[in-house]
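Quick heads-up: structures coming right below.
Same chain, two partners: chain A is paired with chain B first, then with chain C.
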Partner chain A sequence: MRCHADTDTVDFVIVGTGAGGGTLAARLAEQGFSVVALDAGPFFRPLLDFASDETAQNQLFWTDKRVSSGTNPIKMGGNNSGKAVGGSTVHFAMVSLRFRPEWFKSRSILGYGADWPLDWAEMWHYYSMAEQALAIAGPIHYPWGPKRPRYPYRAHELNAAAKLLARGCEALGYRWSETPLATVSAPRGKSPPCVYRGFCRFGCSTNAKQSALTVWIPRALKAGAEIRDLAMAGRIDVDHQGCATGVHYVREGQWRFQNARNVIVCGYAIETPRLLLNSETACFPDGLANSSGLVGRYLMTQANQAAWGRMEDEVRWYKGPPSLALTEHWNYEDRGKDFFGGYCWMGQGPLPIEWVSVQTSARGLWGPALRTEMMDYNHQIGVKMVGEMLPNEDNRVTLDDDTDQYGLPIPRITYEWSENDKRLINHALNQMTMSLAAIGATRIFPQDDDTNHLAGTARMGFNRETSVVNSDCRSWDIPNLWICDGSVFPTTGGVNPALTIQALALRTADRIKHLAARREL
Partner chain B sequence: MSRLRLTIKGPAESGGLIAINGSTPMDNIDPRSLYPDYDVLAKRTSLSWNDATRRVIDARLAVPREPRFFSGEQWATLVAVCRRILPQPADRPEVPIAALLDNLLRTDDTQGFRVDPLPYDGPAWKQGLVALEAEARAAYHAAFPALSERVQDALLKEAQAGRLHHPAWAPMTAALFFKHRILTDIPALYYAHPTSWSEIGFGGPAGPRGYVRMGLNRRDPWEAREVGATSQAPARALTRHAR
Partner chain C sequence: MTKDADNRSAAPPISGGAIPEASNIARAPSRPATDRVYERSAHDLHAAAGLIALSVLLDSAVEHYRGSYHNKAMFTPLVTATITLTATAHGLRAPAGLGHAGRRGIFVLAVATGAVGTGFHVYDILAKPGGISWQNLFYAAPLGAPSALIVSGLAGFLAEHIRATPPDESARVFGHSVSRSAALGSALALVGTSAEAALLHFRGAFQNPAMFFPVTLPPVAAGLLGFAGLRPAVGAYPVTQACLTATAAIGLAGTGFHAYGVARAMGGWRNWHQNLLDGPPIPTPPSFAALALAGRAALRLLAHDASRAGHTPARAVPP
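Coming up: the complex of A and B.
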């Protein structure tokens, strides 16, 4: 690995190496820029470091101190936060979906949320690039949305949970599909095909998963980028002309400063606003890139409710990627809705600890009743939604008075579901319950309290008054400060965000190349 | 298309089940495993486990049985609470849930975040056990572990329902402590233990070998065989050739 001294003024220092930062590190280095990418987490070697275990793999999650508050506090930790080179993609469920095109103009076309300053057709191009780079395994024909190329790798075999999802969809008259997944169905480079061990959300120990750690980081290293792990960024410095000069970070107990011509923040929806807010100066008393006052605002999560039931058949849902099949019916069908937004639902395969948390949180079971229910583990079936929650400026990340192990103020996360969110959830719970009832499941119950992915807090937009960054992910206030991760999403859609973040990072890298050629960096 | 109307509430009398396809609440009987011949630890040296897995499971099985995080009195309360939340059969070694929790909090191997107004996990646990003890003494003039199982259950149900209001809970509430700590941590630690995996027929660690047979009612030779399952040959015959 090529290494830089802190005193080298590199072209780009990138904070975070997940779906946003990992992709940018690779693409910017491949374009010839000098790049240092910092990550607060370790550089894992999956073949040696990853156990097949729900508990031990807590090592992958962001477990630093955070406060979650509000009417509907968001569950953090392993639910939505990664702390490793590769970020959350090390433990994501590999679901790689495109936005519905209309979502990029949801305000203008669908009447809710906010428009993105991007054109869907351009994003369609970058989605294809990302799918090729990640060797997505998916169906030949995807049933929803505009035409897209066939997926580069064939779809995975369906497990029993996925076949039952399909059966339920067919009973309701809805289309279903094999889920496009970022785990290979045939050998690719150093990745063997997926062996269906089922611990995907706790790190892939065989490297079949096409995460930032296995795809973008090796490309970044090959192109000359430096990946500096265990490096926690604490503050971005800005000179008296209002330009960023580099990043203060702590590594091996020492505070250091990396000089850079450009800073790109890719810390996701909590750590990105936290870093910007923690970097306040006399010139920027409310934090960096925050003249709009919107840094930390419009935090979004996604509804992740589920319906569960029991089959007479043995399902053994622990085998294979958890979400091998899905339906996007209610992402593309607007008739009959009493709410804005969309949702999909997917097959599920919770391992025992997650499964018992469903029984305790959704039903409040304990004692002999709980152990009795758990005995049916191999007969359980379930479907779980990924649902769009609407942006609300009062859902936000602020700084708390408390500090973390580095002495940095910790984030306080405040969240409340809107009436629209609740209507969407209720609609989905009805639909998912019917899909289970239609296949003869018994002992059906809803799980009404879960959320998953994050977005917002540094939204992109059309002007400096109503957004934090422009369509190039460049901050309006500080020309050499960029933000490129899920935090720039103006709306979050009804699909998992990872592929959209990577497509956005690919576009941003191309825009930076273009701007550099015009000497507009 | 007909719409089901769901009323989504907390734990209902039906245990949260929706009455479809003849669902009925499960009786509170002592459950029996459907997999009496299955021991997930028998796969420890097989291709279903890698070295990293062996390291972490070995450490879990060797967890010290004495408290190092909790005080003696807190420990006694905790052990009693664990036995009510996850009662275990008498005919096998007990999963040491309290010891696993003590170890987890001592090493601060938690999810990191706290939900307002709960303190972080370690302080919340200490305070919650003290508060539960205070409730036991206030209502029954006895220590929680000295109460009968029936009375312990009653007190825990009151905590779950938010009907306990001793000042020792502040700024938490009994209901939040029950939901976020008791009912989150204790079951998670039990189902992190290989004994529970054998009990429910979970495949357990599965790398690098993974699985081959994915369909309905299909099972690899290295998976648990359910009592009464007739469609497949006994697991032992199938596993003879597998390490």
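Coming up: the complex of A and C.
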């Protein structure tokens, strides 16, 4: 690995190496820029470091001190954060879906949320690039949305849970599909094909998963980028002309400063606004890039409710990736809804400890009742939604008075579901329950409290008054400060965000190349 | 029959293969030459039938083990393939006539088992959600696999027919010439095998460029072979024969490639007990070699037809 001294002024210092930062590190280094990418987490070697143990693999999640408040506080952890080189893609469920094209203009076309300053057709191009880079294993024909090129790898074999989802959809008259997944179904380079171990959300120990850690980071290293792990960024410095000069970070107990011509923040929806707010100066008393006052605002999560039941036959839902099949019916169907937004649902395969926590939290089971219920593990079936929650200014990230192990003020996360969110969740719970009943599942119960992916808090937009960054992910206030991760999403859609973040990062890298050529960096 | 066998053993050995010497041009081939062509062709067809049966035996043993033999009928191809394999081995070595009827019955049984197996596999596909869909064509019971038993049975059946034909008669099966039947049958089987390789290599996203070999060259060889079977016979088929030889080479090399595929799975050959099940099937590529062998037998019969008709002497055809 090529290494830089802190005193070197590199072209780009990138904070975070997940879906946004990892992609950018690779693409910018490949374009010839000097790049140092910082990550607060360790640089794991999956073959050596990953155990087949749910508890041990909590090492992948960002579990630092945070305050979560509001009417519906968000549970932080495995569903929405990662602390590792590769970010949360190291333990993401590999679901790689495109936005519905109309969502890029959901305010103008669908009447809710906000428009993106991007054209869906251009994003379609970058989605294709991302899918090729990640060797997505997907169906030959995807049933929803405009035509897309063939996925580079074929879809995986469906497990019993996915087949039951398909039967449920067929009973309701909805289309279903194999889920496009970022895990290979045939060998690719150093990746062997998926062995259907089922630990995808706790770290893939075979490297079949095509995460930032296995795809973008090796490309970045090959192209000369430096990946500095266990380096927690605490503050971005800005000079008198209002330009960023580098990043203060703590590594091995020492505060250091990396000089850079450009800073890109890719810390996701909590850590990105936290870093910007923690970097306030006399010139920027409300934090960097915050003249609009919108840094930290419009935080969104996605509804992740589920319906669970029991089948007479064994299902063994833990085999293979958890979300092998899905239906996007209610993402593309607008009739018959009493809410804005959309949702999809996918097959599920929670591992035993996760399943215990569902039983204890959603049903309040304990003692002998819990034990009896767990004996049915191999017969359980379930579907889980990924639902769009609407952006709301008051759902936000601010700084708390308390500090963390680095001495940095911790984030306070405030969240409340809107009436629209609740209507969407009720609709989905109803539909998912019907789909389970239709295939003869018994003892069906809803899990109505879960959420997952995050978005918002540094939204992109058309002008500096109503947004933090422009369509190039460049901050309106500080020309050499960029933000590229899920926090720039103006709306979050009803699909997992990882592929959209990577497509956005690919576009941003191309825009940076273009701007550099015109000497507009 | 016994008389034929006696003739065979009494016939003087002919050097330079079954094709008449240059001095014999314009003269109809002698009885021993016919005898020899029939014997070699029957031998090769038996060998082809045996190789395919062996492939079916090993492949269905592995694949049905993978399916936990959850239906008792899944043992059937193992039993039938073993019997067929034994019959071909016997046919290769036994004097003509001995056990002919029994072997013929076994080959008919192989064809029937293949047909019933195809029915089972179609049912398996249709019973799954999505019915006839890429997902089920890729991962449900493979549509083309049981027909390998049909091909094995037919090749064995033809071999028996040829061996039972007196040298002074044209070998015919169900009223059609054996040479044409063998050529067209082998061509069709090659196309089918290639189609199955295409489906499964498409499932593997043609991730290794070598995966294109079995879906490109064998169809060309099959086309030439089918063409030869439909046209009036000529004395030699050098291009077709070369393509069939290359097809056989691909089949044998395929085993090596599939072994490499097993090595590329998680744990490689150290983890053979899982990767043999989930990796590319090692016993299947030699089917191409078997069909190429059958195809070459068909060419030999066609060339013999031409020389016996006396129109086109074997050695007179330019390469």
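Basically, the second predicted complex is superposed on the first by the 521 of 521 C-alpha atoms of A that agree within 3 Å, B and C clash if a C-alpha of one lies under 4 Å from a C-alpha of the other, contacts with A are read in each partner's own complex, and residues count from 1 in each chain.
The rule is short, and it goes like this: a contact is a pair of C-beta atoms (placed from the backbone, for glycine too) under 8 Å apart; a residue touches a chain by one contact, two chains touch by 3 or more.
Keep in mind that what you see is a predicted model, and the values were worked out from it rather than measured.
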{"item": "Superposition-derived comparison: chain B or chain C, residues of chain A touched", "value": "B"}
{"item": "First, second, both or neither for A:Arg363, with chain B first and chain C second", "value": "first"}
{"item": "Which superposed partner A:Glu388 touches (first chain B, second chain C, both, neither)", "value": "neither"}
{"item": "Contacts of A:Asp421 with chain B and chain C, given as first, second, both or neither", "value": "neither"}
{"item": "Which superposed partner A:Asp313 touches (first chain B, second chain C, both, neither)", "value": "first"}
{"item": "First (chain B), second (chain C), both or neither touched by A:Asp448", "value": "first"}
{"item": "First, second, both or neither for A:Asn58, with chain B first and chain C second", "value": "first"}
{"item": "Touched partner set for A:Asn159, first chain B, second chain C, both or neither", "value": "first"}
{"item": "Touching partner for A:Val195 - first (chain B), second (chain C), both, neither", "value": "both"}
{"item": "Touching partner for A:Ala186 - first (chain B), second (chain C), both, neither", "value": "second"}
{"item": "Footprint overlap on chain A, comparing chain B with chain C", "value": "157-158, 163, 195, 206"}
{"item": "Contact footprint of chain A on chain C as seen in their complex", "value": "128-130, 134-135, 138-139, 202-205, 207-208, 261, 264-266, 274, 278"}
{"item": "Residue ranges of chain A in contact with chain B within the complex", "value": "47-56, 58, 61-70, 73, 75-78, 157-160, 163-164, 172, 194-199, 205-206, 313-316, 318-320, 351-353, 355-357, 359-375, 377-378, 426, 429-430, 433-434, 437, 440-446, 448"}
{"item": "Of chain A, residues touching chain C in the complex", "value": "139-140, 152-155, 157-158, 163, 166-167, 170, 176, 178, 185-188, 192-193, 195, 206, 208"}
{"item": "Residue ranges of chain B in contact with chain A within the complex", "value": "1, 3-6, 8, 10-11, 15-18, 20-23, 26-34, 48-53, 55-57, 60, 84-87, 109-116, 120, 153, 156, 160, 179, 183-184, 187-188, 190-192, 196-197, 199-212, 214-219, 223-224, 226, 229"}
